[in-house]
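Multiple structures follow.
Both complexes shown next keep subunit A, but they swap its partner, so subunit B is in the first and subunit C is in the second.
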Partner chain A sequence: MTELLQTLVLSLLVGGIYALVASGLTLIFGVMRVINIAHGAYLILGAFITYTLWNQLGLDPLVGVLITTPVVFGLGWLIYRLMVRPIRHAPMSSTVLLTFGLALVTEGVMGLIWGNNSTAIRPSYVDESFHVGALFLPKAQVYGGVLAVVVLGALWLILTKTWLGRAIRAAAANPASAELVGIKVTSVAALVFGLGLAAAGAGGAITGVLYPFVPGSHYVWIARLLAIVVLGGLGSLEGAVVSALIFGFAETVTAVYISPAWATAVPYAIVFAVLLIRPQGLLGTRLRDDAVAA
Partner chain B sequence: MSHVSIRHGWKAVALVGVMSLGLAACGGNSSDSASGSGDSGGDLTIGASLPLTGDFSEPGSAAKQGYEVWQAITNANGGLLGRQVKLTIKDDASNQNTIVSDYNALISQDNVDMLLGTFSSLLNLPASSVAEKNRMLYVEPAGGSPDMFNRGYKYLFFAQQATADKQGLVFADWVKNLPPDQRPKTAAYPTLDDPFAAPNVDGIRAVLEGAGIKTVYKTTYAIDTKNFDSIVAAMKSANPDLVVHGATFEDGVGLTRSMLKAGFTPKMFYETSTPSFADQYVKAIGEENTEGVMYAVSYSPEADTPGNKEFVAQYKKMFGTAIPPEDAADAYAAAEVMQAAVEAVGSIDDQAKLADWLRSHPVDTILGQLTWDDTGAPEGDFLIGQWLNGTAEIVLPPEVATAKAEVGWHPGS
Partner chain C sequence: MSTATTAQASEAKRGFDPIWFGRALALVAGVLLVLYPILSDNLYYQNMIILSLVFAIAASGLSIITGLAGYVSLGQGAFIGLGGYTVGILATKHPDTNVWLWMPLAGVVAALVALILGFVALRARGPSFVIITVAFLFLVQVIAINWRPLTGGTEGLSLPIPTWDIDIQNWPFYYTLVGILGLQLLLTWWIRRTKLGTGLVAIREDETKAATIGINLPVEKIIAFVASSMLVGVAGGVYGYYLTFIDPRGMFNILLSVETMLALLVGGKATLWGPVLGAFIVEPLNEYANNNLGGGNTRLLLFGGLLIVIVLFLPQGVLPAIESLLNWVRTRGRAGLVGARIGTGGSLASLTDRLSLVDREVTTAPPPLLEIKDLHKAFGGLKAVDGASFVVPEGSITGLIGPNGSGKTTLFNLVDNTIHADAGEIWLAGERIDKLSSWSRAHRGLGRTFQITRLFREMTVLENVVAAQRSFSWGQLGRIAVSGPEAKAADELLEYVGMRAFRDQKARALSFGQQKLVELAQVLMLDPRLILLDEPAGGINPVLIDRMSEMIRELNSYGKTFLIVEHNMPFVLGLCDPVHVLGRGRTMASGTPAEIQKDPAVVDAYLGDDFVLEAADATPAAHERTATP
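On to the complex of A and B.
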C-alpha cells in the first residue's frame, strides 16, 4: 500500500511538471497551427539561464523563474516576428522544418556559451525530502510542482478571464472573424508564441533542478512533449494537463510494477492506443483542412 | 514587389547568419582540424569522430582534449615518422548513424592517414566496422563491451586494461573477501541498457552471487530515463546493503540524487563511470555526498606510469587543471598505442602490420603497460577508485593504491 501511494505521489509530481512544459507547446499549436519542434530546446535554454542566475548571482532557481520566464518570452516574441511570421501561411511542414532548424541552432549556441558538459543546479534543498509517514516527497519536486500549478493557473486565468485571453481564443477559433472584430491576429500570435516559450522557460527552471542537462537534452524532451500534446489533443490546454498526468502516471507505474526498461515505452504505447480509438486526442477537436493559420 | 523583397531581405540574411553560426557550433569539423594529407604538405593526418554534442558530450569533449594533448606533445617531440601530426575531429552528436558517415568521410573525403576511436561501445561498434572494412588500424579509447571483440576483427584494439565484464572484478573480489561483519549480505543492481554498463554490472553480480551475497533487486532502464525516483523507491523497499550501479554520467548523477532525496543510503555504493568525472561529478552531486563511493577506473593523475607527468603538465598548460578526466587520459593512451605501433613498424602503408605488431608486443602508456589477445581485447586488471575526503583515490589493487579502501558510503559527511 505504501509503495502504491508513493508511486501515485511521485507520478503526480512528475505529471505536473510535464503539464507546465507541454502547455506552451499546445498553446502555440492551438493559435498558430505551428508544431514547435524547438520547444525542448527553449526548455533547456531556460535551464541554462537559471543555472547562470544561480551560479553567478546565487539566485534560487525557483525565484529565478521571475527572470527566466520574461527573457524567454521576449526571445519567443522576437523569433515569431523575425522567423515564424514570414512563413505563417506556408504548409505546416515548413514550420516544422524551421523550428527543427531553430532547435539545432539553439543547441549549438548553448554549446558555445555554456559548453557541452553536463550541468546541474543544486540549491540547498535539492537532496532533501518531506516525510509523511513512510512516504517521501522530494522538496525540489514539491516546490516545482507547486510552481507548475501556479504558472498553469496564471495561464488559465489569462486565457479565460482577460481581454487578451479572449483575443487569443478568438484568434485560435477563427482568425478571419477575429480580424473583423479588431483583433490584430499577428500581434496575438506573437504574444502566444512568446507565452508558449515562456512556459517552456519556466519548466526549464524547474527541470534543471531535478535533472542534469546538456545542450542536447532537448531531443529527449521534445519526443515526450509531442506525445503528451498529441494524446491530450493538439491545441487543448486542458487536454495537455490531463495527458501529462496520465503520462507521468504511466511512466512511474511501469517503472515500479513492470520494469524501468519499459518506463519510456509504455506511455507511447498508450498514446498509440488512444489515437487509434480517438485520432483527435483525449480533449482535442478534429481540424478542418481549410482552417486559416494565424 | 521589390519593396517587399528588400524589406524581407535583411531578415533572411540575419536568419541565415544566425543559423550558420548555430549549425557550425552543432557539428562539422573542430577548429584544430586539418585537411587530408594530400593538402597538408607532408603532415600525418589522424581522423576521429567524437560525441562532442548529445548524450555523450561529456566524455566526448574530454576525449578530444586527450587527443589534442597527445598532438601537442608529439609535435613538440618531432612528430610521428618525422612528420607533424594533424587531427581531424568530427562531431557525431552521439548518433550511431552519423558516426558511420563521419568515419567514411574521414577515410574517403578527408583521406586521413590514420584513425583513432570514439567514445562508448555504442558508437565504437559501428565505427570500428568502417575501419575494419577499410583495413585501417582502429585503437579505441573507450568501448569495453565484450560484444566489441566477438566479431573476429583484426584491426581493433581497446586502449584500457580490461573489457567491461572484467572491470569490476577487482572490486567484487575485495567485497567477497571482506570480514563477515563488514561484508554486505544483500545487493541491488540497477543498470543502464548499454553495452558497456550492463556487462560491467553482470560481471560483479556473478562473483557476488557466487559468494552468497543475495540479489534483492535487479533492473535495466532505457537510455532516455530521466526520472529515477521510482527505481529508487523500489530499491529502498528491497533495502540492500550494497548498490552496484551501471551508469555513464547523467544517469549516475540522476540515480544518486534520487537516492539522497529518498533518504536511501545503503552501506556500500559502487557506480561505473560517473564518479570518475572528477570535478563534474563533485559539482553534480555535491562533495559531501561523494564520501566512500567506489568505481572502476583506468587512470590516476598521480600514477607513476611512463609519460604521465608530461601528460598532466601539458594538460594543465592547455586546459588549466592538473586533474585530467579519465576519458582524456584514455584518449591519450589510445593515441600512444597507435604511435607505438607506427614507430615500431616504421610505415603506415600496410596497417595489417601495425595490428600484427600490437598483438605480439606490450605497449607502455600512461595507464600502465597494455597487452592484447587476438581479438584486440586487453588482458590486464582495472583499478578501483574511491572518493575519500573529497579526493578521488586509487584503493585497489593494493600494490598501486594511493589510499586504503574503506567500507561504507557516508553521504552528507
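On to the complex of A and C.
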C-alpha cells in the first residue's frame, strides 16, 4: 500500500515536469501547426546550460532556471525568425523534417561542447529525502515538481490573463482573422516558439538534477513528449497536462512493477494505441480532413 | 490523328531532348557500377558503393510511400534492421545452412511488418503518420534490446564469416545489392506508371478528393507501404551479413532512417532516379565525415545541417531542380499555353461506346436514382442539414437551390461521404449507401465536382483524369495509366470538354474555369450514373456557362442524371426539372421551375419579390439583393 502511494506521489511529481515541457510542444503545434521534433534537444540543452552554471559558478540548478529559460527563449525566437518562418506555408512534413534536422544539429553541437559522456547535476540535497509518514520523497523530485508547476502556472497566466495570451489564442484559432484585428501573427508565432522552447529549457534544468543525461538523451524525451501530446490531443494545452499526469503514472508503474527496461516502450505503446482508437487524442478536436495536407 | 504521332511530331520539332541525355547518363552510370569491382580492387570504395547501394534501395522504396503517396516516414531504417535481424537470428540458430537462403525471408518479414504497420497507421495523416513511424522504429529497437533470448540484447549477434574465396572480395554482396536495386527500381518505375501510382499521387495531393473519384485509400496505402519496404528488408539482410555483426543500436539507429530520407530528398523525392543519385551523394559524404572529420558529432552536424538546408533551399531536390532549369531555358520567351482558347469540344460520338443510351419513350415514370431521407448533420450547435429529404429521378437534371448557408454543399458532402452524416438515409439506385466509403459510392455510379475545384495540383491534366477509378479490382490497380486505353479514354473526355490542348499542363497552372472543365472530365471518367455538380456556372465567363449547359444537356440525353447546386437562376431554371429548394437545412419546396418561382415561401426566403426570370437575364445578380432573410 505504502509502495503504491509512494509510486503515485512520485509519478505526480514527474507528471508535473512532463506537463510543463509538453505544454510547450503542444502550444507550438496549436499556434503554427509545427511539430517541433527538436523539443527534446532543447530540453537537454537546458540541462547542459544549467550544468555549466552549477559546475562553473556554483549556481543552484533550480535557481539556474531563471537564466536557462530566457536563453532558450531567445534561441527559439531566433530559430523561428531564421528557419521556421520562411517555410510556414510549406506542408507540415517540411517543418517536421526541419526540426528533426535542428535536433540532430543541436545534438551534435552539444556533443562537441560538453562531450558524449553521461553528465549529472548533483547539488547538495540530491541524496536527501523528505519523510512524510511512511513515504520517502527525494528532495530533488519535490523541488523539481513544485518548480515545474510554478512555471507551468506562470505560462498559464500569460496565456489567459495577458494581451499576448489573447493574441496567441486568436492566432491559433484563426490566423487570417487575427491579422485583420491587428495582431501581427508572425511576431506572435515567434514569441510562441520562444515560449514553447523556454518551457523545454526550464524542464531541462529541472530534469537535469533528477536523471543523468547525454546529448543523445533527447530521443527518449521527444518520444515521451510526442506520446503525451498525441494522447492529450495535438494542440490542446489541457489535454497535454492531463495526459502528462497519466503518462507519468503509467511510466512509473511500469518501471516499478514490470521492469525499467520495458518502461521505455510505454510511450510507443501509447502512441499506437491512441492513434488506433482515438486519433484526435483525449481532448483534441479532429482536424478538418481537407486542412491537413500531408 | 493518334496521340502518339502528335507527341512525336512536336518532339521532333523541339529537336534535342534532355531526357535522352539523362537516360544515357543513367546507362553509363549503371555500366560503371556493374564493372567497378572487376576494374578496381580498392576495398575502400567497394565498401562505400555497397553502403550506398543499401541506402539507394531503401530510398527508392521510400519514394513510393513518401514521394508518390506523400506520407513522410522516418521509420524506413527499421526495415533495414528487421531484414538484418531476420537473417542474423536465423543464421545463428542454423549455423549449417547457407546464409543466403535466408535473404528472401528477410523480405517476407519486412513485408509482413509493413502490412501490420500499414493497418495501424491507416487513420493517421500528416504529422501523426510521422510520429507513428518514429514510434515504430523506437519500439522495434526496444524489443530488440529486451528480447535477449532471440536477439542477444545489446550485445548483438555475430553472423558467420563468409567462406568464399578472398580473391572475389565482397563481390557476392556487391552484385546481390546491385540486383536488388535493379528490382526495386523496376518496381518503383512500374508502380509510377499504373493506376495504383496515379492513385497514390492523388492521395498525396488531396486524399479526401481522391476517395471521391473511386480511389480505395486503405488498399492503395497498404500496398504502397508493403512495396516500399519488402525489398528493403532483403537489402537489410544482405547488409547485416556484410557487417557480420548486428546490434540494436546500429541496426535500428534513427540515423539510418535519416540518411535514407536525406538520399530521397537530395535526389528528388518524386523522381525515379533521384533516390539513387541522392544515396550516392549522401553516403560518400557520410563516409568522409566519419573517416576524416572525426565521425560521431560531425556526422550529426552533417545530417542535421543537410536536412535543414534541403528543406529551406532545395525542397524539390537536385533532379527536379535541374529539370525546371532546363524547362525554363527551353520555354523562355514563349507564351504559355494557359491563356490559349478553350477548344470548342468534340462530339460525343467518340464516347458512345462508354455511355449507354436511354430510350426516353419507354421510361414513363422514372424511378428515383438518388433518394435522400431525413438527413441530419450538425457542426457543434449549428444544424447545417436538418432533416433534408428529396428525390432525384433517373434521367433528370435536378436542381438544388437555396440561400447561402442553407446546407447545399454540406448535403453534397454527405452524399459523397466527404463528411459523415449524423442520421438519415441515402439511397442510390435502390441501394442504401450511407454506410459506404466515398470510393464505394463512386464505384456505384456517383460522381461529384466541387464548388472550389479540387484538382490534384501537381498532376498534369491528363493524369488528373486517368486518376479516377471506375471500380475496384486488384487487376485494375496494375493497369498502365499513363498510356494505352486508359489514357485514350481520358484523351477523348478532355477533347469533349475542350481541354485536350492542355493535357500535359500541370493542373495548378489552369484558370478556374478551365479547372471546372477538367474536373468534369475527371468525373466523367468514372462513367457515373449520377453527377453532382456544385456551382458549375460559378466564377466562369458567359460563353463557358453556355457551353457548360450544352454539355450537361448532351450528357443527359445519353442517360446521365444530374443534381446541380447553382446560384445562377437563369441557368438553373432553364436547365433543371425538378428543382428542390433548401432552406435552413430542410427541403422547403420541390417542383417544376414554374412552380418554384410562384411558391410564396421560396420567393420570401430566397428569390425575392422582384424576381422575374426574364428580367433576371439582364440582371443576373437580382436574387442576391434579397437573398438571405
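Operating definition for what follows: the second predicted complex is superposed on the first by the 269 of 294 C-alpha atoms of A that agree within 3 Å, B and C clash if a C-alpha of one lies under 4 Å from a C-alpha of the other, contacts with A are read in each partner's own complex, and residues count from 1 in each chain.
Simple rule for what comes next: a contact is a pair of C-beta atoms (placed from the backbone, for glycine too) under 8 Å apart; a residue touches a chain by one contact, two chains touch by 3 or more.
Fair warning: this is a prediction, and the values are worked out from it, not measured in the lab.
Of the two partner chains, subunit B is the only one touched by A:E251; subunit C is not. Looking at the shared chain after the overlay, A:F272 reaches subunit C, while subunit B stays out of its contact range. Residue contacts after overlaying the shared chain place A:L234 against subunit C, while subunit B stays out of touching range.
Within the superposed three-chain model, A:E107 lies in touch with subunit B and with subunit C [touch as defined at top]. In the superposition on chain A, A:A120 makes contact with subunit B only, while subunit C stays out of contact range. Legend: residue contacts after superposition of the two complexes on their common chain; A:G165 is shown touching neither subunit B nor subunit C. Overlap of the subunit B and subunit C contact sets on subunit A: residues 83, 86, 101, 104-109, 111-112, 116, 215, 219, 223, 261, 264-265. Against subunit A, the residues of subunit C that register as touching in their complex are 70-72, 74, 120-121, 123-132, 134-136, 138-139, 142-143, 145-146, 204, 206-208, 254, 258, 261, 265, 296-301, 303-308, 310-312, 315, 418.
The touching residues of subunit A, when paired with subunit B in their complex, are 3, 6-7, 10, 14, 82-83, 86, 101, 104-109, 111-112, 115-118, 120, 122, 126-129, 131, 136, 138-141, 210-216, 219-220, 223, 251-252, 255-256, 259-261, 263-265. Considering their complex, residues 8, 11, 14-15, 18-19, 21-27, 52-55, 57-58, 60-61, 93-94, 190, 193, 219-222, 224-227, 229-231, 233-234, 237, 249-250, 253-254, 257-258, 260-263, 280, 283-286, 289 of subunit B touch subunit A.
Considering their complex, residues 29, 35, 83, 86-87, 90-94, 96-98, 100-109, 111-112, 116, 215, 219, 223, 226-227, 230, 234, 261-262, 264-265, 267-269, 271-272, 275-276, 279, 289-290, 292-294 of subunit A touch subunit C.
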